[in-house]
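Next come two complexes, and both contain chain A; in the first it sits with chain B, in the second with chain C.
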Partner chain A sequence: MSQRVTFDELYRRSTQYRKWSFTKEELLNKRIQINSKGCAKVDERLNQLKDQIEPNSIEKVTIDEELKLISFHSRRIGMLAKHFNMPSQVRATAISFLRKFYLVNSVMEYHPKLVLLTCLFLAAKSENYFISINSFSKRIPKTTPESILSLEFEILQSLEFTLLTHHPFRPLYGFFFDLQDVLKDEMKPNELGKIYDDARKLIDEALISDAVYHFTPPQIALACLKEINNDIILKYLSKKFKPNKLDTVKEKDEEDDDEQNETIKPTIENELTQSMYEKIVATVEECQKFIRNGENPTKEQATEIDRKVQYCLNPSLILKRKRENTTDINGDSNGIKKQKTDSI
Partner chain B sequence: MGLSAINKYSKAKKVGEGTYAVVFLGKQVQTGRDIAIKEIKTGQFKDGLDMSAIREVKYLQELMHINVIELVDVFSAEGNLNLVLEFLPADLEMIIKDREILFSPADVKSWLLMTLRGVHHCHRNFILHRDLKPNNLLLAPDGQLKIADFGLARSLGAPNEDLTSNVVTRWYRAPELLFGAKHYTEAVDLWAIGIIFAELMLRVPYLPGSDDLNQIDVTFQALGTPTEDNWPNVSSLPGYNDLKIYPEPSRQELRKRFIAATESALDLMSGLLQLNPAKRWDTEQALLSNYFGKELPVPTKPENLPKLTKKE
Partner chain C sequence: MADVEERQKDMCPICKTDRYLSPDMKFLVNPECYHKMCESCVDRIYSLGPAPCPYPNCGKTLRKNRFKLQIFDDILVEKEIDIRNRILSIYNKIQDDFDDLQSYNSYLEEVEEMIFNLMNGIDIVNTETKLKQYKEENLQKIDLNNNNREKEFEDFKKREEFEKNLKIQKLQLERQIEIEEKQLNELAKKEILNKLTTSNDINQTISQVKASVLKKSSARRKQLKEIMTSLQNSNNPQQEQHQESSSSSIPFTPFNGDRELKQNFNKLSNYYDPFIDELKLKKDYIAAGWKSELVYERILNEAFIGIGCFIQDEKKNSILLSS
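And then the complex of A and B:
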């Protein structure tokens, strides 16, 4: 059985690891690149209107603003998925699609409010929760089946046709069972149930954070649990990895008898598990920081960024606004007149 | 960079047209490697890209194993989605039906071993195939067997999620599916492998039901009707009613039906064809069984396996 591929190796073969896991530097570079690609697109559009618009009359969106807007719309996916009563798997996959899409494209190229709808529709299909485009579109105001479907291929291409996404829900469920087993003498099941429920809610935050690009789903699940109850999880990890009881050491000895020299083994074993324990705790704590630091812009902030994006995507809006201002002064626009009377 | 995706491959001839795709044979220009291109028509579906296509791409992107068909590339051209797959000229159904080929027990063992290895890899990745049958077990020119057609595949469900029982081609459908179970596991794939094993030994389909109702009858007549005794709670499944109760076949009866089978072969087949999915063998049990381990003959090397006598 020595050739057996470990689960860790299997994960390393997944597209999630091969294509969608990054170091912090890689992620930052990607975002810098995408933002400047987006800015270049805006310049192109402005160039086409150069006779009518001053090039610097349009304010471009910064990397930070892009992130805020994407995070805002990721949260909207959550709400929309609940509206459709979709399982968490669909919600999580849709959020992951949207965020990956913006690791390839800028909000100055595609507005997230449209992309998110297609992501949700596509995620529902990919997660076996099919809903027809007509009934999907019918329940979302101001959309048509065509407007949603038109972006589907664009999204698939940006995702490089990799659709399988591993989320932290399954590992969290696994930890829940293992926690019950390891801590059975110290905890009541309903105490653990509460921790599990709260951690599950926290996963939604994790999905919107950059933790998903730097950590594996089990690490994220553990980080969510530890964020909810630090002491319990430290106790759990130390029970699993620190052989402080004599009988645990003994058991391990018997298992590995043929592999190592018995006389020196206990110390090595101790050191190994001690360093493993420390490594896991450090990794999980690093992951917790990411979960805590996820973007959560206010509606006002998002609206402000959204306004900028609208102009970036369609600079001629400025002309329209100018025209409207002019008609406003001339007073021959009914709508504006009415508004004025109303306000008086 | 060199060639754009569409110029990387040449399409030589159209070999098939299905409901959602056209298949072409061609070559990878740079290497001269034979490939098949499955061109998925995207425009004509009311609900966007078809679910089967989504499943196929989704799972093949993840599975890399010598016994699973290789997805060489994915690209889009003229609004169509193109899956570039390795070229596999034959399938196990064609071999079974080719009357001029004689199978040795070592050949059967070899095909079964490759099938189980491929499915084991899927299951370790939490992927159920849900449509295993000889027609979906393709054969490479070097004799390697490759599991193909992931259009019905899915990830193993969340604990409370409902699954559709309307999967797997009828003759290879496990009893829990025949009963319309909404929760099932990898075991559905193992049943199908058991039926394929029987078919390899008999050279004819083992349980060819003529419709869904008849499939239930044919299946239980051959293998016994499940009862609360051998499968607790089976009677609460939606389709469990008005059943004729057949006894489970004795070992002697199985020996008579499968004359050439050794005792370990029968052990393995019975393990795969356990009515109760909880008792059915998994891929690991099957791969570690005596049939593959202790018993001779050793499986035929893939390159020495019989090939089709007739070329199309």
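And then the complex of A and C:
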């Protein structure tokens, strides 16, 4: 019999692990790169209008602002999905598409408010919740089927055609079941049900944080659970992964863990399962930090950044403003505000 | 040119009789030299005993009893089939006679080599002696295998015959039933009319007549049912074998090897979950093959897929390795 593939190895073969999992440094480097690419694009646009605008008149968007804007629009996907009555799987996939898209492109190249619509449409398609493009665009004001579809291939290309995303929802569900088994003497099922419901809401937060790039779905699910009820999850993890329990059931579990970690030899079994437990707890706690520190920019912040992005994307707007400036000094701010509210 | 060839194909080269003139002409060949000639020529030349082949430059002595009907247009095919039959009646081992596939394959290769040699006239003397030697050495085994093969063939024939008969019987019965039913219906109509002239209760008479009709036709139905079951039974043994062989083999997986069978959790038969409990009662779900155990298993499995992947560490290592 040929060797068996462990479940971890299975995950390592997914595109989510191979293409969309990064260390913190990698992720930061990527963002710096994207930002400078976006800035270069803006300079290029300015160059074309060299004789009309001076090069430094436009304020560029920083990495932090880019992140804030993307987070803001990720949250808008959630609202839009609710409007369409879509399952959480679709919503989560759409958010992940949008965020991955901006790991390849800058907001100074494509405005998120356009990209997010296409992402949602694409996610609905790829998650088997099909809505025809006509009925989709009919329910969103100021769109046409063409305006949504025009970005579709762009997004697919940026995603490198990897459409399958593993979300923490199902692992969370799995832990909900396994908790019922492991802690059956200590917890009532409906108490666990409440923890589960709360943790599920927290997952929405996790999807917008960078946790999805640094942790696997089960780890994120555990982090959400632990955030809701620290003691119970620690108890669960220690029962599940700690050695030296007399209980036969738990011993069996340990054996399974050993196999999962491949490298473990019988002689140092206990030591390694011990370190496995510590490692998982450490990882989950690290993940909790990410979930806690998710970006949640206010609408005012977002509109502020959005205005900058508008000028970056279309420098000729500055000319328009100047013209308005000369005719009516007071009308300036009003004009801009009007634009803003239209665009959002 | 092609026309001439076409005509020659349908013409006996000895007496130049054309198929155009005698449409039921048959060509015969003799395995000695495979020269074809028509039936009447064979009768004419060989009825008095062995005689040389009439083809120029052939000169082989042929006998009438060895002549046979030419089935394939290409004479080489005809020749190969004869050689093959001859060799395979001697080299008649089957795979079960060998310990492993390797030796069986090399045996097959050897057989093919010999056929090829005889076919193309390479090293005929050696091949013939080899054949003879093998035949002498394995006389008993050859006989046994040949007997087995014949028996199998006979069994197969018998079964086929049996099934065929059953099918014919079934068809006949069905036809008969159809005809009889028609007649009965007509009779019933007439009877109803007749009785209606005498009696007053319409419904009762009609139901009476109908019941008597049903009784008559049900006897035939029974017979048909019996035949159907025996037909199914004769087919079944093969099907059962199929099922056994397919269920024992491990399914193909695109991964290198197979998935881990040990699971990271104890599966309970039931969990507390209002959502799934509700689905359990839905008839359309159950009818479509939905099972709560499968849902539990899938969801629990996903909880542990990737729990031991520590991206931060692993990716760091891979970066170090690549640089």
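In the analysis below, the second predicted complex is superposed on the first by the 298 of 344 C-alpha atoms of A that agree within 3 Å, B and C clash if a C-alpha of one lies under 4 Å from a C-alpha of the other, contacts with A are read in each partner's own complex, and residues count from 1 in each chain.
Here, a residue touches a chain if its C-beta (ideal position, glycine included) is under 8 Å from a C-beta of that chain, and two chains touch if they have at least 3 such contacts.
Small disclaimer: the values here were computed from a predicted structure and weren't measured.
Legend: residue contacts after superposition of the two complexes on their common chain; A:221 is shown touching chain C, with no touch to chain B. In the superposition on chain A, A:280 makes contact with chain C only, not with chain B.
Contacts of A:301 after superposition: neither chain B nor chain C is touched. In the superposed pair of complexes, A:170 makes contact with chain B and with chain C alike.
Once chain A of one complex is fitted onto chain A of the other, the partner contacts of A:130 are limited to chain B, with no touch recorded for chain C.
Touch criterion not met for A:229: it reaches neither chain B nor chain C. When chain B and chain C are set side by side, the one touching more residues of chain A is C.
In the overlay built on the shared chain, the residue A:190 is in contact with chain C alone; chain B does not reach it. Of the two partner chains, neither chain B nor chain C is touched by A:147.
By the touch criterion defined above, A:6 reaches chain C but does not reach chain B. Where the contact sets of chain A with chain B and with chain C meet, they give residues 5, 10, 13-14, 170, 173.
Only residues 42, 46-49, 51, 54, 57-59, 61-62, 64, 74, 76, 79, 81, 124-125, 154-155, 158-159, 161 of chain B touch chain A when the two sit together in their complex.
Here chain A touches chain B in the complex through residues 5, 10, 13-15, 87, 89, 121-122, 125-126, 128, 130, 132-134, 145, 149, 152-153, 156-157, 160-164, 169-170, 173, going by the rule given at the top. Chain contact summary for the complex, chain C toward chain A: residues 255-266, 268, 271-274, 296, 298-312, 314-316, 319.
Across the complex, chain C is touched by residues 1-8, 10-14, 17, 21-24, 26, 166, 170-178, 180-181, 189-190, 192-193, 213-219, 221-222, 249, 252-253, 255-257, 259-261, 276, 279-280, 283, 286 of chain A.
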